[in-house]
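There's a structure below that I have some questions on.
For clarity, chains are labelled A, B and C in written order, and residue numbers in each chain start from 1.
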């Protein structure tokens, strides 16, 4: 890929399992993303018949084939599915499997096989990055010793090798609850082959985790294979991410402070991320690839997409294009 | 109101409210749960029904079903009456018409009943078949295998003092009038009951009042909800999903008392009275927030209808 | 509600924008919701134009033919009647009054405002309601502070209208709100003193007083004889002292968060962090044998049905009012 391309994440349209199931809703969302100025859409893995955009089997069940979905996306005037987010700990009703763990060597073949399916479909959809949750939450796994880091590295290298055969890069998406938050990220990156595994920088997740995304880009810029722009409205400065089931108690419920909302579209009132600074840091690192804008969740998904589109068009893309022109 | 009432009203747990980052259900937090229970109580419901899959939140957030039920009671509601067992039907491992999957189903219920053992439920409600397209063609043999499966499941649940009762979604394999009748002819009345969902039967083209009258001795409860549409064409076998993806209809279910509703609730309530039914009627308005609807309002409107129309017929 | 106090519910929270709450079926749903919550009487808010067809008397009559026709409409939802109607003569009305801006603080407007009251007086009497509840004066940010003479100008208008309401057999209640030019305890007391106790009463709104820095329980105890109407709602915030004077305070303070990111000022009873001592206030009403209506409202606070149900729960379970 040459230069930076802008995409928008679909996940904000599906707040509950029975939402965003119908074709006309997908069409309206994709058209909204398109007209807001984005070229691509990022999908989030899901399972079962109420997740029509969740995995290749469901795409085929709903659109006849993966290619049928590609035509649907293009019919909404988007070029591509930029990327797919997948957490192997999500069960698969299509495969009748429960959670898979990258820490368990026995699960690695299944993880590689599943990632391969996603990468194959993604390639057919014009995408280039499979984002993975590299390990569970800090409160839900044993502390990561060297051996554990080694097992993770081996798993994701194997995945990276498999997806690269389809022209799809594997990028580790470290969220603010991750056992890899803080110093573990470089430890894992250092143990992986730079040609097989990269990093997905999520500005909102890093900021909520108390980590400046600019510093991550400055330190590991050559490893950044994917970027997500979302804003953070609060920081987990009490390290609540160390609690068990923090996905539920901290992310969903907001922890002890009952944070009403951790994330929103870039530029939201009260947002903590300096997107101009992040964009300049990406340029300085010669970043080449997708920037996926997201709000994660939203009370008004279309409004979030349009507000983010305004910010990208008016402030962020000019920063990038200014440099490219020069 | 005195305890002399023949009918009490329970609220089936579909619910969404608007949170700061989009819609949330009542299990989102203790605060949203409390707000839910307050609203249900305010308009005069007596109790709630729930889903089996909520058991994890009951254990995780409230210390188990008994503790959760205490919270329900602290809000002035009696108890949890019924639970709905929403299983992942799959012809590979969980399909009542396929005997080779029965042991897996039975084991599921052994485990499930153990999880609920700390409180007393009236019914565990099931959809008695896979999705229609996974069962068709619906043959007498398949109905018979399904009945055998539920007879055994009913024996397990009866061991825990809970009735196994069947709720016939319009998109499941046992939804037509003759198939329902055949199915009950093979099931054991001691172990398998019928749970009449007024809207589901109506959508499937079955008159819920006539069905109830015919099987009244087998009926262990009701979902009172309404619909404005009868399924047409392949609606009931639309792949991969009929309930919320059928092209003809974006929203199948409406609260009772809705304009243009197809269910004759006055006739239904009259039949409930004339058959001498005493006990719980559950009110449901599954997916009320679709197409601009609102759960709080639908709950108020349905309870208004129960109080001002149905209780005038039978209470 | 089965109680010695008379409880009603305000419909204003449903009418949040000019293009909503216009269709009769939407209004029926709101009325049934209120009824299911145990309230059989409602308060109407004022409005303007053909899309305010459950607010503006002339338009209500166009929709339902007569007072009786409107009452029949309410009774379809098991709502028995109307406690009160709210009217703000300062709010410009499009169709009925030619979009004129008038103020009770301007002596030149007095005759017109008195004349404008006629459809409201007639309607309140016609539907058998008890009180015409009014905004006595415009917002503080729009005018210089009122001195005693200014307050007397305002009071005179209401004394004149009070004669009309008395003649029609209904009450007139001046409603304090947190943005009004009559803002301080002294100004409010001054206005009450300048009006005729025989014909002009006070509509005490618990949340508005609290936002404005006046303790509603204490104020009620001081002025119980003047209180002829009550709005019961809660708030989590009080004005810092000057916010009501922000230019465009209706937007910049009440909708714009006063620069403090306050998303919502008014809340249902029992809200966490609520500043109003609701049980204390209701106990004071009971002590004094308050005879008027207690109108519960949540004033554009969120989802109307949800708030009505939470308010009903509070009445039943916390205040012990039988439904």
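The criterion applied here is as follows: a contact is a pair of C-beta atoms (placed from the backbone, for glycine too) under 8 Å apart; a residue touches a chain by one contact, two chains touch by 3 or more.
Bear in mind that the values here come from a model prediction, so they are computed numbers and not experimental data.
Novice: Quick check for the class: compute each chain's Cα centroid; which one is farthest from the centroid of chain B?
Specialist: It is C whose centre lies farthest from that of chain B.
Novice: What chain is most central when centres are computed from CA atoms?
Specialist: Centre-most chain by C-alpha means: B.
Novice: Take the average of all CA coordinates in chain A, do the same for chain C, and state the distance between these two points in whole angstrom.
Specialist: About 50 Å, centre to centre.
Novice: Between chain B and chain C, what is the gap in Å from one C-alpha centre to the other?
Specialist: 43
Novice: Give, as an integer number of Å, the spacing between the C-alpha centres of chain B and chain A.
Specialist: Their C-alpha centroids are separated by 37 Å.
Novice: If I count partner chains per residue in chain B, which residues reach a count of at least 2?
Specialist: Chain B, residues with two or more chain partners: 18, 31.
Novice: How about chain C: which of its residues touch chain B in the complex?
Specialist: It is residues 25, 29, 32-33, 35-38, 77-78, 272, 302-306, 308-314, 316-317, 323 of chain C that touch chain B.
Novice: Give the list of chain B residues in touch with chain A in this complex.
Specialist: Residue positions touching the partner: 16, 18-25, 28-29, 31, 60, 88, 90, 92-93, 239-241, 244-245, 247, 250, 287.
Novice: Along chain B, where are the residues that touch chain C in the complex?
Specialist: Residues of chain B touching chain C: 17-18, 31, 35, 38-39, 41-44, 75-76, 257, 259, 294, 296-297, 299-301, 303-305, 307-308.
Novice: Spell out the part of chain A that touches chain B in their complex, as residue ranges.
Specialist: Within the complex, chain A touches chain B at residues 12, 15-16, 18-19, 21-24, 48-50, 52, 58, 61-62, 93, 96, 245, 248, 252-253, 258, 260-261, 263-264, 296-299, 301.
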